[in-house]
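Order of writing sets the labels: A, B, C, D, E and F. Residues in every chain begin at 1.
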Amino acid sequence: TTTVTGPQEQEKGEQPETGGCTHAMEEMGVLCPNGCELKTMIQKQEKNVKTSIGELRPQVNELARESNNIFNY
Amino acid sequence: TTTVTGPQEQEKGEQPETGGCTHAMEEMGVLCPNGCELKTMIQKQEKNVKTSIGELRPQVNELARESNNIFNY
Amino acid sequence: TRSEKCATEKEWPFCTDDEWGPKCPSGCRIQGLMEKYDHDLLKKVEKIRSLLDQNRAKHRSAQ
Amino acid sequence: TRSEKCATEKEWPFCTDDEWGPKCPSGCRIQGLMEKYDHDLLKKVEKIRSLLDQNRAKHRSAQ
Amino acid sequence: FLLASVQAQIRGDNLASCSQNDGFGKYCPTTCGVADYMFRYLPGVTTDLMDMERSLEIIANMTTDTE
Amino acid sequence: FLLASVQAQIRGDNLASCSQNDGFGKYCPTTCGVADYMFRYLPGVTTDLMDMERSLEIIANMTTDTE
């Protein structure tokens, strides 16, 4: 098996879980991403989304201005 | 239900798990002790065991000396 | 109970409010939620991009 | 596989050696192991205490 | 400069983790901390995106009206 | 005194956690770090206890022999 990269299909009512692996020592069970890993991930996601918003907002505002001109015209 | 304090009976091949609770937000699933909590616990356990060893060792050595005396006598 | 359906799962008591902090969710669960929410946000971003394109096309035809 | 026995459990790939650290065990599992090992150590301590008592009793009768 | 560097170390600037050299390895946020961060960050960006979408839909309707 | 206190803060002495004020709350060891600590601490105390037990069993045998 290869490591799951995206959220997997979940049964109804099930919550998504990703990033786990089974440790060879049965004692340890399933290992999951630690807080440092999760912090890095969410900061990257936040940066990407905010960058997209920063790109889109002026375009939306520009279009809004143009539309007002047409509407008022 | 009350929180489990000792390790529970496990099925054969099952590993012990303690200290969990189910979060009201189904999204969050089971919560387990964080690293700070676990650190405090293991330091307490280590201190207790090492204190016991520190008490027992001189008693064992004392008895060993006495036994040697009897044996040599 | 869930334990009847699934012997390998364990039943835990409900968390009290003050347990959030000392006890925390699984890292796999949090990564799963992070990916789900991020996926939802990226879908919204894509929708806005396509709405922008549609509106621009309309404008060109309207002018 | 376990997933056939239990639909609520999930199958994960095996961890590679370099995943220990970035990925870590459940806090419930670690607390469970800590309590198990501590219980084992305390049993050894109790055994030593009782051996000490037995030996002291023998000594008194032997002297 | 030295004091600034010392202060930076105390604040733990630009570190993914901090360590206390106490035998427990590197320190990380808890998953509670990450979840709290996520639920603080999501509402703002979600609102921003929904506002933009609504604006674009209003614009689309205006354009349709003027056709 | 101030420098000593600053150094103590850098080392994170006597703290159960360190915080970076980065919005992720308090920092803790990972469960990997706690497990590693546990497996470093257990062998020593286990050996100590088993050695004492063995000593006491030898003593018990000696005492039996001399009876």
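Basically, contacts are C-beta pairs under 8 Å (C-beta built on N, C-alpha and C of every residue); 3 or more make two chains touch, one makes a residue touch a chain.
Computed from a prediction, not measured in an experiment: that's the story for all the values here.
Touching subunit C and subunit F at once are the following chains: A, B, D, E. The chains in contact with subunit D and with subunit F alike are A, B. Because subunit C and subunit D share one sequence, their contact can be compared position by position; here over half of the interface residue numbers appear on both sides.
With each centre defined as the average position of its C-alpha atoms, the distance from subunit A to subunit E rounds to 12 Å. Centres computed as Cα averages put subunit A at a distance of 8 Å from subunit C. Measuring from the averaged C-alpha position of subunit D to that of subunit E gives a distance of 40 Å.
In subunit A, the residues that reach two or more other chains under the touch definition are 15, 17, 19-20, 27-30, 32-39, 42, 49, 53, 56, 60, 63, 67, 70. Counting only residues that touch two or more partner chains, subunit C has 7-8, 20-21, 23-27, 29-30, 33-34, 41, 45, 48, 52, 55, 59, 62.
Under the contact definition stated at the top, the residues of subunit F that touch 2 or more other chains are 17, 24-35, 37-38, 45, 49, 52, 56, 59, 63, 66.
Contact between chains, as defined at the top, is found for A-B, A-C, A-D, A-E, A-F, B-C, B-D, B-E, B-F, C-D, C-E, D-F, E-F. Interface residues of subunit A, counted against subunit B in their complex, comprise 13, 15, 26-27, 29.
Across the interface of their complex, subunit C is touched by residues 30-32, 34-35, 38, 42, 45-46, 49-50, 52-53, 56-57, 59-60, 63-64, 66-67 of subunit E.
Within the complex formed with subunit A, the subunit E residues making contact are 16-17, 26, 28-31, 33-34, 37-38, 41, 45, 48-49, 52, 55-56, 59, 62-63, 66. Per the touch definition, subunit D reaches subunit B in the complex via residues 26-36, 38-39, 41-42, 45, 48-49, 52, 55-56, 59, 62-63. Interface of subunit C with subunit E (complex): residues 20-21, 23-27, 29-30, 33-34, 37, 41, 44-45, 47-48, 51-52, 54-55, 58-59, 62.
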